[in-house]
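These notes are about the structure you will find just below.
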Amino acid sequence: MKEYCGIMGVYNHTEATKLVYFGLYAQQHRGQESAGITAWDGTKISDKRVFGLASSNFTENDFISNLKGHIAIGHVSSKPEKQAFLSCVDPFIIKYKGTTMVAALNGGLTNSQELRDLLENDGGVLRSDSDSELFLHLIVRNLHTMSEEQAVLAAARQLKGAFSFLLMIKNRIYVVRDTFGFKPLALAQYGESIIIASETCAFDLIEAKYIRDVEPGEVLIIDEKNMRSLWIDEDIPTEQRKRAHCIFEFVYSARPDSLIFGQNVYMVRQALGMKLAQEHPVDADLVLPFPDSGIYSAVGFAKGSGLPYEHAMIRNHYVGRTFIQPTQNMRDFSVRIKINPVREVIEGKRIVIVDDSIVRGTTMDTRVKKLRELGAKEIHCRISSPKVIASCPYGVDFASKGELIASKYSTDEIRQKLGLDSLGYLSIPGMLETLNRPKDYCTACFDANYPLKWS
Amino acid sequence: MKEYCGIMGVYNHTEATKLVYFGLYAQQHRGQESAGITAWDGTKISDKRVFGLASSNFTENDFISNLKGHIAIGHVSSKPEKQAFLSCVDPFIIKYKGTTMVAALNGGLTNSQELRDLLENDGGVLRSDSDSELFLHLIVRNLHTMSEEQAVLAAARQLKGAFSFLLMIKNRIYVVRDTFGFKPLALAQYGESIIIASETCAFDLIEAKYIRDVEPGEVLIIDEKNMRSLWIDEDIPTEQRKRAHCIFEFVYSARPDSLIFGQNVYMVRQALGMKLAQEHPVDADLVLPFPDSGIYSAVGFAKGSGLPYEHAMIRNHYVGRTFIQPTQNMRDFSVRIKINPVREVIEGKRIVIVDDSIVRGTTMDTRVKKLRELGAKEIHCRISSPKVIASCPYGVDFASKGELIASKYSTDEIRQKLGLDSLGYLSIPGMLETLNRPKDYCTACFDANYPLKWS
Amino acid sequence: MKEYCGIMGVYNHTEATKLVYFGLYAQQHRGQESAGITAWDGTKISDKRVFGLASSNFTENDFISNLKGHIAIGHVSSKPEKQAFLSCVDPFIIKYKGTTMVAALNGGLTNSQELRDLLENDGGVLRSDSDSELFLHLIVRNLHTMSEEQAVLAAARQLKGAFSFLLMIKNRIYVVRDTFGFKPLALAQYGESIIIASETCAFDLIEAKYIRDVEPGEVLIIDEKNMRSLWIDEDIPTEQRKRAHCIFEFVYSARPDSLIFGQNVYMVRQALGMKLAQEHPVDADLVLPFPDSGIYSAVGFAKGSGLPYEHAMIRNHYVGRTFIQPTQNMRDFSVRIKINPVREVIEGKRIVIVDDSIVRGTTMDTRVKKLRELGAKEIHCRISSPKVIASCPYGVDFASKGELIASKYSTDEIRQKLGLDSLGYLSIPGMLETLNRPKDYCTACFDANYPLKWS
Amino acid sequence: MKEYCGIMGVYNHTEATKLVYFGLYAQQHRGQESAGITAWDGTKISDKRVFGLASSNFTENDFISNLKGHIAIGHVSSKPEKQAFLSCVDPFIIKYKGTTMVAALNGGLTNSQELRDLLENDGGVLRSDSDSELFLHLIVRNLHTMSEEQAVLAAARQLKGAFSFLLMIKNRIYVVRDTFGFKPLALAQYGESIIIASETCAFDLIEAKYIRDVEPGEVLIIDEKNMRSLWIDEDIPTEQRKRAHCIFEFVYSARPDSLIFGQNVYMVRQALGMKLAQEHPVDADLVLPFPDSGIYSAVGFAKGSGLPYEHAMIRNHYVGRTFIQPTQNMRDFSVRIKINPVREVIEGKRIVIVDDSIVRGTTMDTRVKKLRELGAKEIHCRISSPKVIASCPYGVDFASKGELIASKYSTDEIRQKLGLDSLGYLSIPGMLETLNRPKDYCTACFDANYPLKWS
């Protein structure tokens, strides 16, 4: 299972490292377990990587005394600390003949093992399980016979899978996106500087101006001369290339204020909710979102159904990381600590709860029980995406297939297990209707129809 | 200006300190600057106090190695570190003839200076500016001639102002609430244990069962024998006593899932929003809450007006305390870092923004400008409380009167300053209509009609 | 049992708090468990107190952002954290009628309980077990009828015991030393500033110029006008007053580079060693000090005996506070971690080990065993002080009497228990011969002859 | 300039990581800037590396929750943080075809650049400047055509320079020492476990039993089967191989309680001092060591000269890392903070100061001035090693040659610059006389006679 993550790069700004920091900050939802920033000031590399939130673990002093440069790239990841030695957290750094080369990845390769075998059989020595390391090694191998730009392009052609890469090699940033365009990746102008980020919410925070998405299959080169593109599949016309954007970004992963794959996430989520109200109408008193993931589709469901929206699952905004263990007999504490429903809204009412997905069902189970305790008369559940039945090899960390409740049970069995009066999932066609170019999406987690096989 | 804060007490539980911790955790919104827990195990006091969030600064180890006892009280406060030496953060501790006495206060006395003079002129030596210290000194003075219970009661009668006190004296907890009932204070059962908290959301977290509010003027004594009450104004019938509950608790301070002064906060806020829609209707495309304080009245406004509710001010949930300074030219960064509006919802639309209050107006100003930038066609603002024109001597920390925008300018002047197309405040009568016993509330911040004078 | 500690005060310096910090740093051997600095800048108090070493727990930033003033006093203490709530660590602070009064003490009162009763029976409310708090309360009581200076003097006359006090009241520092002169206390000039410290090594570090000791019974007042003295026993001629300097300061407590009670500690320790060689000669191959406490008397013993000095107990200079637990079967680890003897020096040799004292004997026991393992042929032990048979009520924290090995066993029994070939303690007369004014010393820990009774 | 460091390995112990920790703790003097421990539990690697002291930065919890295994190796280094990204601190880790390989080095290669070129020209990709990484890459290259043991041996034969390596590959530890035997490396038994350390003081702390030194040119293999040796120079008889032990280990680097190169460091240092007294006698009153480096030769000098030894430079044992900046006008503060001389010993005396070496002379200069201020009548300086005139390519971090005072000035010029009455250095022949096998030492820092050239 690959990690879920976000990246940010800044070219040509005197405070490049701080801008990267703010970009990671805005994209913190893409990875809370580790963060790293690496910078180049024209003569040397500076670097800091931390476990936990970027927002809690970088300090003003880091930027004053260490992290300096006019080019910088950064990375946040959800890979847990135990899996990731500090040395193998992105941005990944290697040295080759005096040149430091740095890479940060959003995504996951599907041919990691082949590439690893290829490199090791040819004498390569790897330090880690990192896909970024593989990419850097491929580039270096190519450097023996090619220019730097061609070496990057040729290496990119050896990769399979979902990858949005930022590379920093001396005074140059390379931006590399797989031909399917699995992960979002966007470009912005910020005065004289160029910014690259997984999501546009990073641009909004610093008030950079969105220009365009990095194209699937594009290898964008940014240096002092200009900004130019090479293409991984240069002999196929752009319009004919197969696209496979991750639809789960709209369902859950991206921030609602981001623009990805040409559409705003908030608007899509609301449309998903409205479509859901059409597909699975229900006679009830109110719509209740499961925060925060269900809020936007719940607003849409309320619009679509005409039922009143009630924001009555109260979130504790002070829930931190290092939590005290509960005392004995505190059942379901970890769910309850985050959210408290308002009894006065629930009691005696027929409720429609709306969420984006059910993965293992344990949180849902606890919450449904709590709503019953508070006196809900009927509890109907509506899910703004189809049933998640298959794992993702491209970088979304669902539970392993065995634990995916939807892959083991029918909808009615799930309804019974969760103690619901009714349960409805949005259909795949219904979901796709909310999108401008429905054919350009990967729906493998819902239909096991993988656009790209893996080993 | 007194501090704003929350308290929690636990009587008779083997893990009393942890329960207090969880109670502070649930009430963290009442004070983020310091926290303290003090416990009694039958023979000795243990104690920890921290600056910053309780959730970040207590550790599991504190409870294993130090904080032990079957009786414990705790306190969270919004008083900034610079004002509060660590030694003077509640719970306040004194020793008198071998007995340790501990007090924690939610509220603020209005006769602090008189009491201070009284004590000092009589040889008293105070360590701090703490109102809790004053109360403890008064009790000790009385002990020379009275029993402990009478000494507490007599001391309580010397206090003026808003005070919800928890006292821990040996194996006994005293709960003392002023006769006006300014601050909320409630009682719950938890197995064999008794719990006291400022807000009932603390009970929900640990699944304690709410019994009743502590009454205004009540001095509740909890010990191994039983639970019994003395009354500060014992000669006046309860029903004739003047009450002055803080209406601002409903507007802003309390959590929406709490039950205070006999009503649920969420329901009152929604009613405020509905009433507001009646008083100040507007022809617009959508209702936009300013999170989180405006969400609940916005939901009510949407219901009352029939306009669609849009949850389109996206909050970054990872905003922490120790923030990196922005780079140059990042205007209004501290506002922008927390909230990002969704352009696609705003652009070309006539918007009603709903918030609970405008104090200084600076945040509102920044947000209105941002909405204009994103293309809002009209921006109407509706405030779910009357204009705040007067400061509060009872423990709500508004800006000083000079900075209260509503005390200096007419509604139309404010509208112009903030660049709004229209602006409407809820009326005082409108606000009071949402409450069961409208005469029992203090509305001094809106009308300068103080139920109790101060020096 | 009272705490062992050191104090430092600075009057009239723009960086008074840093100078105090350095003074505590130099006197860190007098207390490693907590430290505090309190400053006055003419209008307000600033304060920081920490657990652990001053050197590890104050930061440059404390001095930049918080600890500011031209007058400051500080304190280091050996009282363990569990005994000392942070609020009760010296410097102790009280507020009285708008005036903040601060006290720091080296020593211990013998009439604490009487003073406590007196104050409490008269309505006083104390926060702690602190002797400093008692002194401050006495002063405040006196203020009702006296000037500030007279109030301090009168309060000082109510104290019994060993006390070297620093008081900071507004723009004034008071230095108060008991009439016996138990604890060292010295005065220095530093440019335009006045410095007071327990030991002169604090002056050396900052290159302040030692002027004189604060006299026993002196109440020295330092303010903008001048420096002047009041006397606790003003009607008795100075030369007739009974003195009782703590002789254990020479044996162990003070730093060898300090000048206390008119003599240099290093020179006295060396003289003790020479005297010891006279009293208890031994036929051996070499003299081995137990570091660091035995080094100086061992050097003296080597001179006195003509035997070669070997510095062959190697100390690990990196031993810190928070140490990892040893693995199973690591006997005597806490002794071994600090010191490793050199086998090649020990093997086959007749050794004289020299130390300053034996309190419980456990460390000595472990070390003697180790020396036997390494092949020492004979092990003779010489102690550069008499047998410690009695506890100290004046602020030296020996083990309680029950645990003092010398109070339970004869010298020969101790020799046998420790597996020594011979054992010799310096005699009381021998010890006193090394001092200029032998009658001016307290030798109670050696002869139970207490100059001042206690309750 | 290479780093100065120490290593520790443990084979087959249930608490291997803690034993390594203690070994690093005992060898902390060999590197205070970073530390790392890596362990293997039969199935996976665990790892922690820190900046600063091992003793301050590892916690009990590290060993409970993370660092687990029956085989472990560790490393302390003096390379400053800025030079060492955390990822490149030893133990260095690589992965190759599913096998994790770990290396820790004491020493420095002289053919690093050639090896780097060789590897990179052949497609190798390096992450760092680490010599350990080079060694690991060489081994992996050899694995294509050889068994693991032969691959290690062949790689060791490609290395030039000073190297004491610990390798951990699966269930095996390899110990590799260069043929010159530059750095000390010793072997001990600990119950059923095998311990390897740079210095024997690591064995003493855990009470492991020293067996023998690892031989120059030895490749020792430790696994479940047995302990066996391969030889880098197998065709040359052991007795004919050129040895070049670092003589500076005796002068300064090693702990006095260690046994290195067959001799105890304390005894050698004392002999150096006695020899120095013969070569440069002086008519004086006392011998004063510069602590701690000069103590042992000062004791020897005192014996050799018959002059009294005075331990009168008092060290502050609480000097930590993060130190507060001095106030203005505090000259030479960083020297003074550590050591304070005792005026009463110095004043009016003719003093011989003894130290192990003078590198840049700045500390000596400050101290001589201070002794003059304290009234020293004559100051003679004796150095227990020859003049350091050349830099070391084998891992001792002297200042660069330009800064070595002895390489620029004659002895008399140095004497004048430092304000000394006389100055004497030990001669090279005199130094070598103290050693059992004088021909087996490298004296390059004293005579620029390098046993091994470097690039």
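Each chain gets a letter, A, B, C and D, in the order it is written, and its residues are counted from 1.
In this text, a residue touches a chain if its C-beta (ideal position, glycine included) is under 8 Å from a C-beta of that chain, and two chains touch if they have at least 3 such contacts.
Computed from a predicted model, the values in this text were never measured in an experiment.
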If you walk touching chains, what's the least steps from chain B to chain D? 2
Could you tell me which chain lies farthest from chain B when each chain's centre is the average position of its Cα atoms? D
Per the centroid of Cα atoms for each chain, what is the distance between chain A and chain B, given in Å? 38
Chain A-chain C separation of Cα centroids, rounded to whole Å: 61
Taking the mean of the C-alpha atoms as each chain's centre, how many Å separate chain B from chain C? 48
Taking each residue of chain A in turn, which ones touch at least two of the other chains? none
Quick check on the complex: what are the chain B residues that touch chain A? 15, 18-19, 21-22, 25-26, 28-29, 32, 53, 55-56, 58-60, 63, 201, 204-207, 255-257, 259, 264, 266-267, 292, 295-296, 299, 302-303, 308-312, 314, 316-320, 322-328, 330, 336-337, 340-345
Parts of chain D lying in touch with chain A, wherever the complex brings them together: 47, 49, 85-88, 93-97, 120, 122-129, 136-137, 140-141, 144
